[in-house]
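Note that the chains take the letters A, B, C and D in the order they are written out, and that residue 1 is the start of every chain.
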Amino acid sequence: MSAALAIVALATLGSAAAAMLGRSLLRSIFMLAVSWAGVAAFYMWAGAQFVAFAQVLIYLGAISMVALFAVLLTRQSRDEASPPPAALRRAILAVVAAAGVAAVLLWAVAHSPLAVSGSLAPATSVRQLGFDLMGRHAAALLVVGVLLTIALLGAVVLAADGAQERPGDEP
Amino acid sequence: MNPSGLPPLASLPGPQIRAVHDELHGDLLELSMGPHHPSTHGVFRMVVTLDGETVVKLKPVFGYLHRNHEKIAEGASYLGSMPYTDRLDYLCSMTNNWSYALAVERLAGQAVSERAEYVRVILAELTRLLNHTCLAGFLLQDGGASGTPLMYAFREREKILDLFESLSGSRMMCNYQRFGGCRADPSPAWLDSARALVDGYGRFLDEYEALLTGNEILMARTQGIGRLSPQLAVSAGVTGPMLRAAGVGYDIRKVDGYGFYPRFTFRVPIGADGDTYDRYMVRILEMRESIGILRQALRDIPAGPILDPKAKQRGLRPKAGEVYSRIEGPKGEIGFFLISDGGPNPYRYRVRPPSLINLTILEDMCLGQSIADSVVILGSVDIVLGEVDR
Amino acid sequence: MSAGPTDAHLLERAPFLLRDWLTHALPEPLRWFANTLIAIAAILAIFGTLFALLTLVERKVLGRVQNRPGPNRTGWFGILQPVADGIKMLTKEDIVPRAADPLLHFLAPVALLGFSVLTFAVIPYGRDLVAVRLDAGVLYFFAAGSATELSIFMAGWSSNNKYALVAAMRALAQLISYELPLLLSAVPVVLAAGTLSAPDIVESQGGFTWGFVPHWHVFTPWGAAAFLVFFISALSESNRSPFDLPEAESELIAGHLTEYSGFKYALFFMAEYFGMCSLCGMAVTLFLGGWQAPLAALEFIPSYAWFALKLCALLLVFIWIRATLPRLRMDQLTRFAWKFLVPLALVNLAASAFWSLSFGWAGPMQALRWAIGIALAVGPFVLLGRRLGAGIGPRTYRYA
Amino acid sequence: MLGTGLLQGLAVTARNFLGSFYDRRRFVTTQYPEQRTALPEAYRNFPFLVCESADDPMGTLRCVACQICEKECPPQCIYIEKSKDKKPDANGKPQIYPAVFDIDTAVCMSCQICVEVCPFDAIKMDQVFELAATDRFGALLMDRHALAKPNSYFQSIHPTEAGEVDSRLLAARLAAEEKARTAAAAKAAPKPAAPKPPAAPSAEAPKPSPPLA
């Protein structure tokens, strides 16, 4: 099993890197989708099937679409996607910032109390998950639901407004 | 350098075609539909400028099927142009022939035998049935039905074409009318099979309407689409079912009363909204009226000569003068304008093509509609490129 | 893979006997691996030939509807037509436009076919005859189904053709707006069956009332409404007739398939037919009682035969609808989804909740329960239908 | 209610689907190479030259190379060269015959104008439509040997029209012989009845009926 795991890990990291380094914006979104699929595979390996399918359904199905629409509607031109660093000074600053972020992340990972041994897959079945969601966390679920609905309505209003005030730019 | 003398492909600078992305700066996407396109009824091209899905600008481009018909006719004899009129609106050769024959008869002052007038009315109404059935089939084909209505339409059309073939010798290129009458006399057996066809046509139309007219998707796709105002229709010179669907009750069979039409009782259906559904329904109702005319004509067709024996066909030299004659073809007013200088061939020969003139207002009907609608509107205009380009 | 029903008669256990006969010699871990491989091979073989036959049956049925015979020149009744098409597709040159994005152009059919084949893993074809027994099987099915949208957009965008671009935009909007009613119409079934695992849903539809009415979900008021919504959404998810807007021949030539030729074109069609088969399979599983026999007396026929019969019946209805109906326009399509199917599915969710809560009613209350159930199903359908078709209706004409 | 129109449509297609198995009206295809539809008698395709007898087609051609059809043919696809010498025709009168008579079937649109304008019923419309050829130019240019077909073939494909044509030709031939006989009798008998006014014979000599002008 560890061989399969290594392949999936490699694929996820590889596609994530390709997403960041790729020149064409659209291709990087597709690479991002591949890395999300890799993350779903990890959930499957960890035994949490429900989360894995939810991950595929939500990320691969919907969020990649939102990213595509975002890119399509706001894209200015093809070559602005990734401008080369203007000067050496900016390149150094970029490296320093990246190193700082990496350090913080590694520190958090190192100090978090992870169970060292591969513990048994968590035994929460879908039925148990359902009861928890409806029972203890019902309030949280409702709040998240309302939040997302408001976000959706906001987006629609923004898009609708955008249509009216856009000047009639005949070519 | 390859043998054809062109530079090798690889050496050409970068991708020649402009990448689609550049055009996306502006919101408008220019799309060329045709001339090789599955739903443009022949070699017709629409350069459509789209804002998303809605049509912002539509430039019709035609002329791909121009065969210089009118100049050739100036060089050919009067009889020699008759077979070429079959190729104008190649779906309705009988009405093209009749309109041309009527023009030459008026120019040369030839009388037409009574039986021939009846036969001409019968053949014109059969052509109207054929054309309108095919129109409904093509309209649904553009609307996306995968061929079923079109196949039913062609099944009925074949029966009518069999009648034409057993009478004139060819299904579509009939070359049947002559100056002063018709070429061959319909036999009693032919008249009986024509009566049988006309009786069966009513039942076919009922089944066809059951499939189409009540169909919610068809109604949703055509009602309120491509609206044509009566004023624009009249000022643009639109004629035929499109004009009547826009609410103007102008039918040349009633106005001119040519070819014994006053002897038959029939009504002219009028549309209210002038949209694509009205154009479809007006044609369906016209078919039912044509069935009525056919029954009356087939019932009391007189005996007698089919062709006026004194009428001169070959070396016809009508006296100098000009004439414009018109008939109510299935697509609209098809007219012929002839100027004769007394010689064996016409000095000027002009065809009034109803398809072309109905097509000029395509952009007015398509503005603001979606690209899928522009295809259905083009289908409802009912054009045949042979007549548009001549 | 389970051991299979031990008590049933020979035909019922035939697939398991065959499998055991093939892998009995292998040691334990290898045998499990071999069994899975056999299951995969069986699914691909069966649905591969079903795809080939389906292309032929579609053209024959379309032909017969149009009063013509359909292909009958290749083989006995045109039976070799799929083989001929396959060879033609293989030998056709695979043209990739120069300005296209080669990687995405190549990846699109592969991804589309991959995800649509994934959905076959959880459909129960017979008693204990399911490739992977997941307890969240239905969610897995919809997750794999939703990933196909990405690849259709990839195909449309990467071929750098204006028609393909318009088609890709349409495909995105259509697939997303019809995924919601698809899921929402499956939720009542999960609510009634109490489980997300497909085999258990089919088990829960066993048994008969009054001896001959099977407990299929489609015979309950909420089940019929949910089946209708599911069926319409399935039509749209697999880009079939009234909703085949992405590859609308009359205006977009072949939509996102315009720049594909040769075997990639065939892959797209294979993916579309696999999508159609899997959606029909899930519809049969959720609503038509999967492999359950319709009559107690007919239980001797093996379970997988019933599943195959129902699947083919649904596929024929798909083809029948394609032969008849014209295509919707883009805005009508999305309005139909958001203003008709989604509200209908939501109301139906409430109706099925009422149905399962009122389970205990007996005697005259049972009739009341059915009345309320039917009212909750038909009422919104008529009201929403009238509002949707407001401006549209038959007209009368006057004569000059 | 929404959808009733769709169901009506589905019912029509279902009726057609089932009907196509038992009802001849709903299954209209004739499988062309195996089954063939009977061609109507008036059917016309490319023209052919009529000759009296089958064994000597070039000798008994009706065509007298008057080139009217060449002038009248709209697409100008007929090419005729007159012969230098004359040969006797059916009525025994020496006539010119076409040395070269080509029809380019690639150009001909079988409009049947040549048949109408031919005063000698020498060219008629054929009913053969399977004319696929491998060579686009040579094979489609039919010379007079390929075009000539006997009158019996004409009888077989257009019986009624052939009947009229033959009766007319027969009448014309009888009239010609009868006129020849009276002319001979008139020449033989002028001595005993010279004073009889010569006007009489010309009046009753039947004018050969003008062919279809």
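We adopt the following convention: a residue touches a chain if its C-beta (ideal position, glycine included) is under 8 Å from a C-beta of that chain, and two chains touch if they have at least 3 such contacts.
Small disclaimer: the values here were computed from a predicted structure and weren't measured.
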Chain-touch separation of chain C and chain D, in steps, is 1
By Cα centroid distance, the chain farthest from chain D is A
Per-chain Cα centroid nearest the overall protein Cα centroid belongs to chain B
Most heavily contacting pair of chains is B-C
Here the gap between chain A and chain C, centre to centre from mean Cα coordinates and rounded to Å, is 30
Cα centroid separation, chain B vs chain C, in Å, comes to 43
When centres are defined as mean Cα positions, the distance from chain A to chain D in whole Å is 82
Cα centre of chain A to Cα centre of chain B, whole Å, reads 59
Check: chain C positions touching at least 2 other chains come out as 65-68, 323-325, 389
Among all residues of chain D, those touching at least two other chains are 2-3, 6, 9, 12-13, 16, 28
Note: chain A residues in touch with at least two other chains are none
So, in the complex, the side of chain B touching chain C is made of residues 15, 17, 19-20, 29, 31, 33, 37-39, 50, 53, 140-148, 151-152, 155, 211, 213-221, 223-224, 244, 249, 251, 254, 267-272, 277-278, 281-282, 285, 370-375
Note: in the complex, chain C contacts chain D through residues 61, 64-69, 320-321, 323-325, 381-382, 385-386, 388-389
Residue set of chain B touching chain D in the complex reads 76-77, 79-84, 148, 152, 155, 158, 162, 165-170, 173, 175, 183-184, 207, 210-219, 312-314
As the complex stands, chain C meets chain A at residues 101, 103-104, 107, 134-136, 139-140, 142-144, 146-147, 149-150, 153-154, 157, 172, 176, 179, 195-196
Listed in rising order, chain C residues that touch chain B in their complex are 62, 65-68, 98-99, 160-163, 165-166, 241-242, 244-245, 248-251, 253, 322-332, 389, 391-395, 397-400
